[in-house]
Amino acid sequence: MSRMAFFADLMGTLFARRPGNAAALSRVPVTELCETLLSPQGEVSGMQRAREILTQYRAMDDEGKRAFFRHLAEEFDIDPEKLIEAAALYRDNRDPASFTQLRRETEPRRQELLRRLNQAPGATEELVRMRLDLLAMMKDEPDLSRIDHDFAHLFASWFNRGFLVLRHIDWGTPANILEKIIEYEAVHAINDWNDLQRRLRPGDRRCFAFFHPAMPEEPLIFVEVALCKGVPGSIQWLLADGRETVPDSDFDTAVFYSISNCQEGLRGISFGNSLIKQVVEDLRRDLPQIRTFVTLSPVPGLTRHLRAVAGERPEVAALLEAADAKDPGALTPHLPLLKKLTADYLVNVKRPNGLPADPVARFHLGNGALLHEVHVLGDTSANGFRQSCTAMVNYLYDLPKVEENNENFVRDKTVAISKSVRSLLAQNRSSENGEAPGWLEAPQKLLGLSGSQNRS
Amino acid sequence: MSRMAFFADLMGTLFARRPGNAAALSRVPVTELCETLLSPQGEVSGMQRAREILTQYRAMDDEGKRAFFRHLAEEFDIDPEKLIEAAALYRDNRDPASFTQLRRETEPRRQELLRRLNQAPGATEELVRMRLDLLAMMKDEPDLSRIDHDFAHLFASWFNRGFLVLRHIDWGTPANILEKIIEYEAVHAINDWNDLQRRLRPGDRRCFAFFHPAMPEEPLIFVEVALCKGVPGSIQWLLADGRETVPDSDFDTAVFYSISNCQEGLRGISFGNSLIKQVVEDLRRDLPQIRTFVTLSPVPGLTRHLRAVAGERPEVAALLEAADAKDPGALTPHLPLLKKLTADYLVNVKRPNGLPADPVARFHLGNGALLHEVHVLGDTSANGFRQSCTAMVNYLYDLPKVEENNENFVRDKTVAISKSVRSLLAQNRSSENGEAPGWLEAPQKLLGLSGSQNRS
Amino acid sequence: MSRMAFFADLMGTLFARRPGNAAALSRVPVTELCETLLSPQGEVSGMQRAREILTQYRAMDDEGKRAFFRHLAEEFDIDPEKLIEAAALYRDNRDPASFTQLRRETEPRRQELLRRLNQAPGATEELVRMRLDLLAMMKDEPDLSRIDHDFAHLFASWFNRGFLVLRHIDWGTPANILEKIIEYEAVHAINDWNDLQRRLRPGDRRCFAFFHPAMPEEPLIFVEVALCKGVPGSIQWLLADGRETVPDSDFDTAVFYSISNCQEGLRGISFGNSLIKQVVEDLRRDLPQIRTFVTLSPVPGLTRHLRAVAGERPEVAALLEAADAKDPGALTPHLPLLKKLTADYLVNVKRPNGLPADPVARFHLGNGALLHEVHVLGDTSANGFRQSCTAMVNYLYDLPKVEENNENFVRDKTVAISKSVRSLLAQNRSSENGEAPGWLEAPQKLLGLSGSQNRS
Amino acid sequence: MSRMAFFADLMGTLFARRPGNAAALSRVPVTELCETLLSPQGEVSGMQRAREILTQYRAMDDEGKRAFFRHLAEEFDIDPEKLIEAAALYRDNRDPASFTQLRRETEPRRQELLRRLNQAPGATEELVRMRLDLLAMMKDEPDLSRIDHDFAHLFASWFNRGFLVLRHIDWGTPANILEKIIEYEAVHAINDWNDLQRRLRPGDRRCFAFFHPAMPEEPLIFVEVALCKGVPGSIQWLLADGRETVPDSDFDTAVFYSISNCQEGLRGISFGNSLIKQVVEDLRRDLPQIRTFVTLSPVPGLTRHLRAVAGERPEVAALLEAADAKDPGALTPHLPLLKKLTADYLVNVKRPNGLPADPVARFHLGNGALLHEVHVLGDTSANGFRQSCTAMVNYLYDLPKVEENNENFVRDKTVAISKSVRSLLAQNRSSENGEAPGWLEAPQKLLGLSGSQNRS
């Protein structure tokens, strides 16, 4: 305990550091500053130069930034000729000296430049934003992607799981952090502070986020959790204004109903899997009465998929028409069909690489979760009607099986499903078998999926 | 303020994380665990495997560790053939695809392995210790140094200045940290807790250390500071038991009298320069009455150097003989000579690369400090007699000139010296000129130093 | 620093404490529980009983609470007969034994009861709320005020200045504290979180609150501060949406524009004077560029006073009529008069005890402040028109004179005023002298104020 | 969690407060300063005066302090005449006004003086030390005890259980706190930092202390705990250097082997009972495997008692002679007798008020503990031989029975004992019955104890 306090205390200086007087540097061109920063002097007295480069960068317009990136891409690149030479030397000698020389050529100079930029106070956050600019500019200038390799490489090191810190977010969290939770919520929008309070304050709600020590006011990812009695199937029910709080003694299930990545500049650095597992572990320790860990997840690709097949399937077209009305009543006759189609979509519709077409399914199944249940009228918001005709699903994190599920998914692309989903799919097949080779058969046969589904 | 508190709070979880039940993994061979950790499954469920690898490693004897390292060196190395191929492709195409492929070949697989190992709780500290083992084994098996490139590369990223935290160490610091200060003090040994108290508690003493968030109980480097009236010349005077504390209103000088690196496993990652500059900045802010920032430093290579020249210079031999007696009285007649020789040694005696022979001089001059003053009878401990015949020196950190000094030192190998040291050296030359071409002339001429010394 | 961290850490347990299982106690009548709590057993095992009494109290309706208070008033009172006897004994003997016996009779038993109730976790806050109930019930049942003596006595001890903690409130403060700032703001209402943010986030705004360690989520009093260039005269200007933040290098004045007591249950325990002086001291240390510390204060009694005199003074009646229109334009012709009347009201209109009639004036003048400036159109909100016809004033905290001002105010009831206010008042007199013995003359003569006003 | 962090943060200001410039006050006599501090000005600008009074007090010699106390005793006392008058008025009128007047007379002015002194930073600690002086001077000047009533009254309010904070003391605790643990340990002396480390660092040791927020560097009381397998009977065994740490999975018993009050100036304010119960509660929550909570306690009055009876009992005289040799071997033949005598002493030997003669027994039995076991050769230190002929005992805190035990002890002075102690006592009686009416019979009969012992 007191060791944490000691550490807590020392973190203060992270914030107290202030840039020195950099006035003299402000008229030196940024490219020249970069060269000096990489020189031996740069190693010793680089903090001011690093600060100045970042300040100049921030003041640039788009063209300035583009020119800066081009400079990094060209002038700080790997030299393939020298690299080939060094690699050949190492191939022939295999001795420490030639390896050392080789390593000198394998890394573009800009990587060391980025590392030295990071010594300036607050630099980590600015470098994450710099990459955000770069990602945008790469779209129409793919050569700039060379720089992104170095950002990605460094960020993978810097934001390594071992350096992340899990933190409870609640109504006692500083407001400047909470406003970022409002801003970054990506799944079920938080409208205002009252709405936020409804998600954080009740005794049956939790929220957790990962932070990095060098960016202590910026959550990296967060998950919102509802503690329930039983597995819920409707997000509106879960978030209903005026609902009653479930007492501690009653809840048995933790529902992850919203996971939001916060830093677009950290694209490709994956936090979600670690976050879920850490939160499951913490909840199990603190609330042993919780036995079931599930998500309540959207099916974002469903409507698009249904539109693609509606041409050949009039009953699907009718369903879509009813969904367009955004009226639960109109949708009622189509619900059994919707349920079957949803299960089928998630289990059987794949991308060319054999993985599920639905991105949320890919994420949770890839983490070792199992498709547990399908709910219709699970999200009756405008967005819910639009993206999935109101369908939602639960993915179950069954800890003893997570690793096996993950292994099967990675190796064989097998989708782990529950008994209940299995019988839904069986209905699909039998009813279709009775009719004619339906549209759903095709991908199943194609992928030989029928035999590869897990039993749960 | 409260933002720090928020952050302080969140750091708690760094310590609360516990390894899961790894019983099942404990019988899998470590090399197999490494392969799985690098596989796609490893990305998702790697924390337990990482923990298990580190646990197995820790339990290994020297032979086991050596075998483990050989495996890393051979099986996880760069493949030069593939690298040459990819580099040639990039040379010819210069397109993003070929660059991506090239980057895949430039990094040995073991680097990603080390990154994934780091996700286990407490892993950073264990990896630092693992490198310590490696550094020892590299001595008689240089091929293992290939692995050290990856440790050094990762540690340079992880222990980047931007992630370090400066912390006051005082008598209110947790005892588990303080006992490490006792243990790691490398310059003037701290005998026990009473001795430590004398260095931390008085109002005219300070101590600062750098920490890394992932190793919060392990200082990386620390510096001990005495606040004085005027620049002191004797370490025994400075640390005298029973001395009077200088009141706040009286001190005008901060003396860095001991700097100790704590983590041998972080060899090559330099913290000293950043630490000194940060401490200077902090002290200037908190104690504006302090105008002078100097060291009181040993001259560890002096005696060795004098022995080397004593054969040709009988007065030096006499001085050494007096010093061997470890009796200040015996040394008295030789003190003027000792003073001159010390200045001369630090300014004029060089390594083949033109940098000062004395390591402490290299460090401070390389940071942009200036050789300010030479003191005889500055360290009358047994060790002081042995390594420098009692000589000590002050290096001055004159902030407005630090950058210029550093630049001259890096570019021209010029040693910045004070007027007082200059006149000491002038005595040397004139007296020697009066006699005969002395031994000291040679290096001066060789290096053309007479004209290149800074004025301060 | 680390000592604070240590302490910070230990505060945790304040919150972690939980009431034991009190099921068995819940059927014991509260009066019986009170008796047991006061018995020797109560001293040893009283925490559960204390908790139970507080829980039963909280569940009572108004009649139950009234009965509880009557019980405390009657059964736990001082016994005057015994007290007289003990006092007579002490008068005659003056020895330690008789003094001890006397002290036993001077304190009603309910005081020890309240102290023992306080040992339950969270009890302090509940006792503050209990007194709030009592204050309400005392109004129509004055005998209950006997209990309030004990509350007041204990709270004066418990909330002694030496135990209060000053804390910055900013946008990084936990939301549960911030929502209380919104709730408790008593002077210029904070409408919502955006409004709050405008008062806390800009670099030229500050907010400070006193807290008590046993009620860490409940501010006791807070003050909102604007850092300005020069002394402002309009609250709307000060709080204008979209105004520009004053840069650090520009502000020279700290303006206390709102001070709110938060705990009605602590009525009579004064925090405002300590808070202002502590904040002045802290701001002086942290922002030495600030030279002037003033308030921007309402004049809550002004309109009421003007109405009282309007019958005899038609120009005042006209001013009031214009103010009723709540239209700055209509008020314009009356502004010079309003300014003079405001100064006169604050300086010359008194309560029977000779202190200023205006409560805000009493507070700041009693703290040693000086009436610095009068502003018309200073508060053009509906409330501003209503209570003071838009007038606002600055009270100046001129630290070197605060004590002298306070002494004069306490001893002679002298109101310290600035030169500018003095000339305003001189206008009053001269113009009135020119006309006729005005209504304002009377109190001046009565109190002989003309010669007793301070010079500033 | 974050709420604590928020609070932790705010505590910082407790330490940051600094006394203002009090130069002008330093020549005002302390008695005059006291009068001003109690005046209305004192209420407003009293912090500096309070600081000055405390500073002057600290600088006084014994005579100065004695004069100061006499002044407080005489000039700030209750006025019995006025008190009698006010009490009579209240007796006759029973109305709020007369009660208010009465309360004004019941409290000596010095109590408010002490409250106002407490507003100075750090004053609480100085007032505790001031009382320490007073307690010493009261011995030969009993009239000063009148002042002590006010100290005792205020301290009982200020150090109320509701304001205390329980804190783990471990090897990560700041050194300035740990050195106080060394200093204040009153039962089994801690020789140095290594000895301290042996009591804090191992996984089977705990230490807890109460702190007050206004004295965060001063423990009020602390208890040292050993976690054991089974109930131990020897302090040397428990604290043996080189002993093996009991693994978490093995221990089932928490042993309170040392409880030390730290602040003599808080005499009469009892913390021990609360501390033990809080620690028992915390340990039960964190380490559910612990089922038994006992002490390992000295029997400080035993030898004295035995000497008193040795004249009539030659076997006791022989035992004492063997104990004087401080040689366990010599004592061996006497151990059965020693065991019986110890049990008898604790259960049957009483003070005139019927409570046990042994102070440690009074403390634990008064808390509701039960005399669980008697050990001979339990403390073979010189002190152990001297005070109890090596006997030690366990008191058992059996939570479900604590309240009942306490009630019986308070009401009937019944000592709760275990079956094992009961049979020890039965041996006493039967063997003595067999012989002759022994010395032990007398007090038993006298107090009629035979029927009043609890069964456990």
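Each chain carries a letter (A, B, C and D) given by its place in the written order, and its residues are counted from 1.
The rule we apply is simple: contacts are C-beta pairs under 8 Å (C-beta built on N, C-alpha and C of every residue); 3 or more make two chains touch, one makes a residue touch a chain.
Only a predicted model underlies this, so the values are computations on that prediction, with no experimental measurement involved.
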item	value
Chain copies touching (subunit A, subunit C) - same or different residues, decided at half shared	same
Farthest-lying chain, centroid of Cα atoms versus that of subunit B	C
Centre-of-Cα separation between subunit D and subunit C, whole angstrom	40
Distance from subunit C to subunit B - Cα centre to Cα centre, in angstrom	57
Centre distance in Å when subunit A and subunit C are each reduced to the mean of their C-alpha atoms	50
Numbers and ranges of subunit C residues touching at least 2 other chains	1-6, 8-9, 12, 172-174, 176, 217
Of subunit C, residues touching subunit D in the complex	2-15, 17, 20, 39-41, 43-45, 47, 78, 80-81, 83-84, 87-88, 90-91, 94-96, 99-100, 102-103, 106-107, 115, 118-121, 123-124, 142-143, 145-146, 149, 153-154, 156-158, 160-163, 165-167, 173-174, 176-177, 211, 213-214, 216-217, 270, 273-274, 277-278, 281, 366-368, 402-403, 406-407, 410
Interface residues, subunit D side, partner subunit B - complex	1-2, 4-6, 8-9, 12, 171-176, 178, 192-193, 197, 217
